[in-house]
Amino acid sequence: MDFTSLIDNLGSHTVDGLTKGAIYALVALGYTLVYGVLRLINFAHSEVFMVGTWTVFGVYAVFNATAASGVGTVILATSVALIAATLASAGTALAVERIAYRPLRKKNAPPLIFLITAIGCSLVLVELFGHVFRQFFGPPFGRALVSIPTLIDTKVLFTVGGVSITNIQLIVIFGAVLMMVLLDLFVNYSRLGRGVRAVAQDPDTAALMGVNQDRVIMLVFVLGGAMAGVAAMLYTLRYDITKFDIGFLIGVKAFTAAVLGGIGNLRGALVGGLLLGVVEVYSSTLFSSNWEDVTAFVVLIAVLMFRPTGILGESLGKARA
Amino acid sequence: MSTTLLDRYATARKALADNWANGPIWVKLPIVLALISFCFYLPYLNILPFAQIRTDLGAGGTDWSSVLFLIVIYMIAAVGLNVVIGLAGLLDLGYVGFYALGAYSVALFGSPSSPVTEAIARKFDLSEGWAVPFAACIPIAIAFALVAGVILGAPTLRLRGDYLAIVTMGFGEIIRIILRNSEFTGGPSGVIGIPKPPGPEQDGRDYFNSLDVHRWYWLALIVLILLMFAVRRLEHSRVGRSWLAIREDEDAAAIMGVPAFKFKLWAFAIGAALGAIAGLLFASKQGVVEPNGFRLNLSFLFVAMVVIGGSGNMVGVLIGAFLITYLPERFRGFEQWRPFAFGVALVAVMVLRPQGLVPNRRRAKEFEDRRHEAKEAAADV
Amino acid sequence: MYSLDQQEVIVLRRSTRFGFSAVALALAVSASACGTTDENGGGDDGDCAATIGIMGALSGSNASIVIPSVNGAKMALTEWSAENEDCDIKLQEFDTEGDPAKATPAATQMATNEDFLGVIGGAFSGETRATKGIFDDAGLTMISQSATATDLTLEDPASVFHRVIGYDDVQGVAIANYLREVLQAKKIFVVDDSTAYGEPLANTVKTELGDLVADSDKTQEGQTDFAAVVSKVEAAAPDAVFYAGYAAEAGPFLKQLRDAGVEEPFVGGDGLYGADFPKAAGAASEGAIVTCPCLPAEEAGGTFAADYEAEYGEAPGAYAAEGYDAMNIFLAAFADGARDREAVEKFVDAYEGQGLTKTYKFDEKGDVAEENVVIWAYKVTDGALVADQEVPK
Amino acid sequence: MLLQLEDVVLTYGKIEALHGLSLEVAEGEVVALIGANGAGKTSTMRAISGIRGLSSGRIVFDGVDITKRRADQRMRKGLCLVPEGRGVFPGMSVRENLDMGAYTRRDKAAVAKDFERVFDLFPRLSERRKQTAGTLSGGEQQMLAIGRALMSRPKLLLLDEPSMGLAPMLIQQIFTIIAEIAHQGTTILVVEQNAQQALSRADRAYVLETGQIVKTGPGQELLKDPSIREAYLGVA
Amino acid sequence: MSELSLEKQTNATPDDEVVLEVDQVTLKFGGVVALNGVDFHIRRGEILGLIGPNGAGKTTCFNAMTGVYAPTSGNIRFLGKQVSGRQSHQITRMGIARTFQNIRLFPEMSALENVLVGCDARHKTSVLGALFRAYRVRPKPEELPEITGTGLTRAQSRLRRATAKVFGVSRHTLEERAGRKKAMELLRFVGIADRANDLARNLPYGYQRRLEIARAMATEPQLLCLDEPAAGFNPAEKESLMALIRRIRDRGLTVLLIEHDMKLVMGVTDRIVVLEFGQKIAEGLPSEVASNPKVIAAYLGEPDDAASA
């Protein structure tokens, strides 16, 4: 137990935690959106994120962008990477829906079946990058960790009350919050977003109002996938790595964050993600990093004991209420 | 009607199941006995073409009896998880935690070199190399699992399905991490010197030794059969009926006088105990345990065994456990392609046959009806 | 609509038919049980034939640490077979995925098949711990290329077990010496990854360093965010950081360390040895030190490194040379006329000779004599591990 | 005929809820469908609106066979159901609920006009347009549900038990509004348990019993039918 | 109809003992008041009708009585014991059973099994008891296995009987056997024994309604609450249901009946309580209630002037 270390650097630990949690939060949105509308846990979402990180890596390789590249290349490469990762993740999410979920939805299968299918999908995606692609394209595909070039060097931007904030931390937190706000605005104020909420609240009545449920479900997967894509971009900026199985742990944590905040609730995902990130960094400081997962799950269980539907309660539809 | 292979399988399976259900006892009993004897004979199976199912034929193949043993261990675990998922309808993603508890119970109490026995021996001034005998480890393991099942279940069983899933998953991880990080469990290296079941000495070796693995397999098989018999008893009593009623409509069941919470807790505890027995046998045969052997994906694997086979149906669950353990061993030649193939197979089986390969009768009907309803509901152009 | 009676009759008739066919099947099965048996495995019993097993994680996320040693062993066999064409020695691979539960069936397979005269492996300590007893019971000699856990030989020795590398304690002492004497560090921060490899290694290093340890921390496998560890390192302001763990975590850790402005020397154990670590850490790995109880290929002399690269298209990875050496010891036994397990065991126990990486002579517990263990420090230079100096033991 | 149901059979699993139901609604009519609980009234509405598919039979709307259309497609054709228990979106504001009614419409100007119309019909909703629908009282929710349906400019408005759980005064009010809507030219099919109200307001009525039509006729006539009076009005 | 009421008067001499007391019960959901100071009681052996328009709070009242909701204020007492605060299954064991308005059977269980779940409420076998079946009892003569009609040969049955006599029978087996017997008897009582082995979901609608009643009766209640048991019935089915309700009362059960069909309510109940908008607006003999102007206004429909309003 290292209380002094935690208290002394509380500010910077909090910022570290928020940075970590911001990525959880973005990934958690995917779980929450799908759960809010379909009431099922899309366990393959973690791999949607993983595909995003590889896409960033691929774009950098195409632009031959490295730490030494000029400002122009860096800006171009990162913006293309952001768009490509968003598209790739959204596309992967959509493909999972079409190939694995839709046939089951048409058969009205119980949730447990979706879970197993999702685990199967995860495995397929993981193995694509971990093995299959390697057979065809060789390295860097495979099981080793892949380092992604650092295009933006970490610099301390400013220091507030002894807490120095780096450019990367700022980009990650700001980017995640921005995406959150955009998604929140979209869901709450656009016509399509209203359709999403309507299906989440009452699918039958939504259909009576002329909402095409299949299209809304596709939209939800695309939105969730896109958020995971952005998360992947921010992740690569912060950690500069990817790996075939990188999604698993983040997926578990993001899902935990979604439940913590109240699965189905967009703002809950943000709250849950940030809280989880901060809790993990605090606990890593107090004990050591090998206890952080225990802390995360204990916090989750404790929260669920007192608030069985998470901090903000569930329901995509009631996001505003 | 297009008679695809799948349809034909479904028809044939149903005909067989119906025949079986209606078969007289004088037919069923010899068949069951013959099947059981066949299972005992399996390690010696050596006549082509039947012997093709052995896993040790090709290059790089592995010992047939050892694979059989592992299959039966996973079958025990799957039968236990089936009580939780298939009978009581609770999604448990942390089942590996109980499996680990069983393994560590026998390791920590039974091994003379474990930190726990050493501490006890020091405290009570016992002789060097003292340890709890194997037989006494069994009740310890079961008790630990029961307690853990209740500790996990009591506060969390009131949660709704998906929340229960994540909480159990967290619980499984918590157990593994505690085992890994703690001094008293031997840390990441685990525990060695786990005791083996006692038995008469043969050819100068212990009865249960590392080379005559078929004896381990027989032992596990006997345990499996006993446990199946026990679970069957529960399933066909008021307990099974209550589980089923809870699964179908918990409120209505409660109003009919079923103490839903109590029975759910029992399901959890029984599942945990079976998982622990599987873990205990595994650890005893293995001789060593380490926390890495109890990762989350083993939990997913257990769930997949139950669901692929057809949750709620004992035979289905056995087949699920068999396929998932056996196929990767049999087709070791594919090496690196195995996980990918497994993923594809998982998706394919679930999409084509969501009720599982050998579904429970009721479940099969339910699926048929659900599909029927879905067809009606989706009045697509 | 049938009447009830009719229905019952039909059911009965059907079930009777079913019954008979089922009984017939059962009879057939039990009859076949008494039938002939067919000897499997076979293998020609010619004078000059044997099989050596090699087991380890050939698939799964840890395969990259194991496959080079398999390749090394294969090379040794190819070279030997070219000179002994009339002999049929096979190298049989067994994939364990690094999982002890999957390793035992493979081990039992080798142990119970008399064709196997030796085993190279296990590659990891966990699977070795789980299978050692099996091989011991069968009297099948093991030579591990990379299992370094101390307890394998010191606490729980098995007569058939040997290894061609120094164990963790030896390495730990050497690392402590390196930190203290070569780097002249006065304050050292020790981090381990809570694995069966990292934790004991870090513990040895900590014990050796004593007061010089400024602070220590633990991470875990799969971790990517090291913010908390980094700030602890910052707070401790050490002269050097030692990391006991694998490349997948060391990469991002080192990167985040450097990002935070910690520029002190970074030292890792043999878990980081191989091409993965510089790749994983990228530019941040420049100048990092990796120790390994393995002789640099160029020091080993001969053409091993070049041959390996020609054969497999990449520089020899971790333990490639150890795999080569282990195989050569078995081949030497065979050349010496050992044709059964007992003879092989006897030969290996008494073996003395110069291998690629060191001079071999096993002590009674199966370890290479401590004076023959060499530990080298490698420095990451331009994204590759370059031998820097031998570490004083 | 605006709407025709021919031999409609609807099943839940293996239970038939409707067996061979036929009815029709002409343009401009107010048709009531009465029957006891469980007689199949709600199932009929679900079949017409497309929430449930049919096992057999045919539904023709505005000259087009819509049997195989999804609910949202039927809605686009001008068929809008106010479901039993109102089915407002509880998490959305009044305004958003009304927006949902106009979900399929792109003509913004006309939609704006319809807002005015709905707020004219239901001044209470106008006062509460920012309030979340879940916090409205039962009567207000019913008004909102009807108003929302009107936002889609339906050719045929289906009302499933609009009086359910409402105080007598409110029931009066709701039926007055329904009469007003009909007066403005919308065709209405209403399912009602309050047979008195329904029959007295309807041009025609069908009596539904165990999934089949057992009687039909002008509302006032059925109101006087002794067997109806006994069974549904409780007056011997 | 007059005939029916005659029979009722002769038959129903309600004890004065109050079985259930609903005392000023108020129930709020958020801001919505579902029940507002509802107050009535049921005496042993009577058939009490609870009527009111849809949404008036009848089912909510049932739910409060069976432990699904806890009242916000007020008390519900059964045989003098507090009901609120207990869990549903405990209330069932106290002796209150109910059916559901929208049938809630266990659809994938057979009719017999559905009733058996109800029987289990009175069974004592625990989980361990079912597992080990070690608690053995000596069966009474009438509890011995039957010789005929068991599907076994006579010799087998005799053997079974003999072993039961000598070694006793586990309590589990005994209970299971008794449960089956009781369940079959109840199925016969409600008139659906011919489909005992069909899955509940495959039963015709009327059978499902009756099965619900049989299942509720299997818990051996003193008070049976029926929630719209005649919904969806045609007149002939309603007639036979009325007869069934009377026979249930004749078995000594007290019945609380929610029903819309006035003919049925008038025909079978001894007393009627009318709810509207969560409040009790009338209580009394059927004839009194039918002529109560408040009731007519709220429920039976306004006089003809409504059309002109």
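We just call them A, B, C, D and E in the order they show up, numbering each chain from 1.
By definition in this document, a contact is a pair of C-beta atoms (placed from the backbone, for glycine too) under 8 Å apart; a residue touches a chain by one contact, two chains touch by 3 or more.
Predicted, not measured: the structure shown is a model, and the values here were computed from it.
Asker: Taking each chain's centre as the mean of its CA atoms, which one is farthest from the centre of chain E?
Answerer: C
Asker: As a test of understanding: of all chains, whose mean C-alpha position lies farthest from that of chain D?
Answerer: The most distant chain relative to chain D turns out to be C.
Asker: Please tell me whether A-D or A-B has the greater number of C-beta pairs in contact.
Answerer: Contact tally favours A-B.
Asker: Please find which chain has its CA centre nearest to the centre of all protein CA atoms in view.
Answerer: The most central chain here turns out to be B.
Asker: Could you state the distance in Å from the CA-based centre of chain C to that of chain D?
Answerer: Here the centre of chain D sits 73 Å away from the centre of chain C.
Asker: How many angstrom lie between the centres of chain A and chain E, each centre taken as the mean Cα position?
Answerer: Each chain's C-alpha centroid was found; their separation is 51 Å.
Asker: Distance-wise, how many Å sit between the C-alpha centres of chain D and chain E, to the nearest whole number?
Answerer: The computed centroid separation for chain D versus chain E comes out at 34 Å.
Asker: Express in whole angstrom the distance between the two chain centres, defined as the mean CA positions of chain B and chain E.
Answerer: Going by mean C-alpha positions, chain B sits 41 Å from chain E.
Asker: What parts of chain E, by residue number, touch at least two of the other chains?
Answerer: Where chain E meets two or more other chains at a single residue, that happens at 107, 201.
Asker: In chain A, which residues are in touch with two or more of the other chains?
Answerer: Chain A, residues with two or more chain partners: 130-131, 290, 293.
Asker: Of all the residues in chain D, which ones touch at least 2 other chains?
Answerer: 13-14, 50-51, 70
Asker: Using the touch definition from the top, list the residues of chain A that touch chain C in their complex.
Answerer: Answer in residue numbers: 2, 5, 8-9, 12-13, 16-17, 19-20, 67, 130-131, 142-150, 154, 166, 168, 239-241, 243-246, 248-249, 280-281, 284-285, 288-290, 292-293.
Asker: Quick one: which bits of chain E touch chain B in the complex? Just the residue numbers, please.
Answerer: On the chain E side, the touching residues are 66-68, 87-89, 92-93, 97-98, 100, 104-109, 113, 116-118, 120-123, 125, 127, 130-131, 133, 172, 175-176, 179, 199, 201, 215-216, 218-219.
Asker: Quick check on the complex: what are the chain E residues that touch chain D?
Answerer: Its residues touching chain D are 1, 30-32, 53-56, 101, 107, 201-202, 204-205, 208, 228, 230-235, 260-263, 266, 276-277, 290, 297-302, 304, 306-307, 309.
Asker: Give every residue of chain B touching chain C within the complex, in rising order.
Answerer: That would be residues 19-20, 22-24, 26-27, 30-31, 34-35, 37-38, 41, 44, 46-48, 50-51, 54-57, 59-63, 65-67, 70, 113, 177, 180-181, 187-190, 192-193, 205, 209-211, 213, 282, 285-288, 290, 292-293, 329, 332, 335-336, 338-339 of chain B.
Asker: Can you list the chain C residues touching chain A in their complex?
Answerer: Chain C reaches chain A through residues 59-64, 194, 217-220, 222-229, 231-232, 235, 247-248, 251-252, 255-256, 259-260, 276, 279-283.
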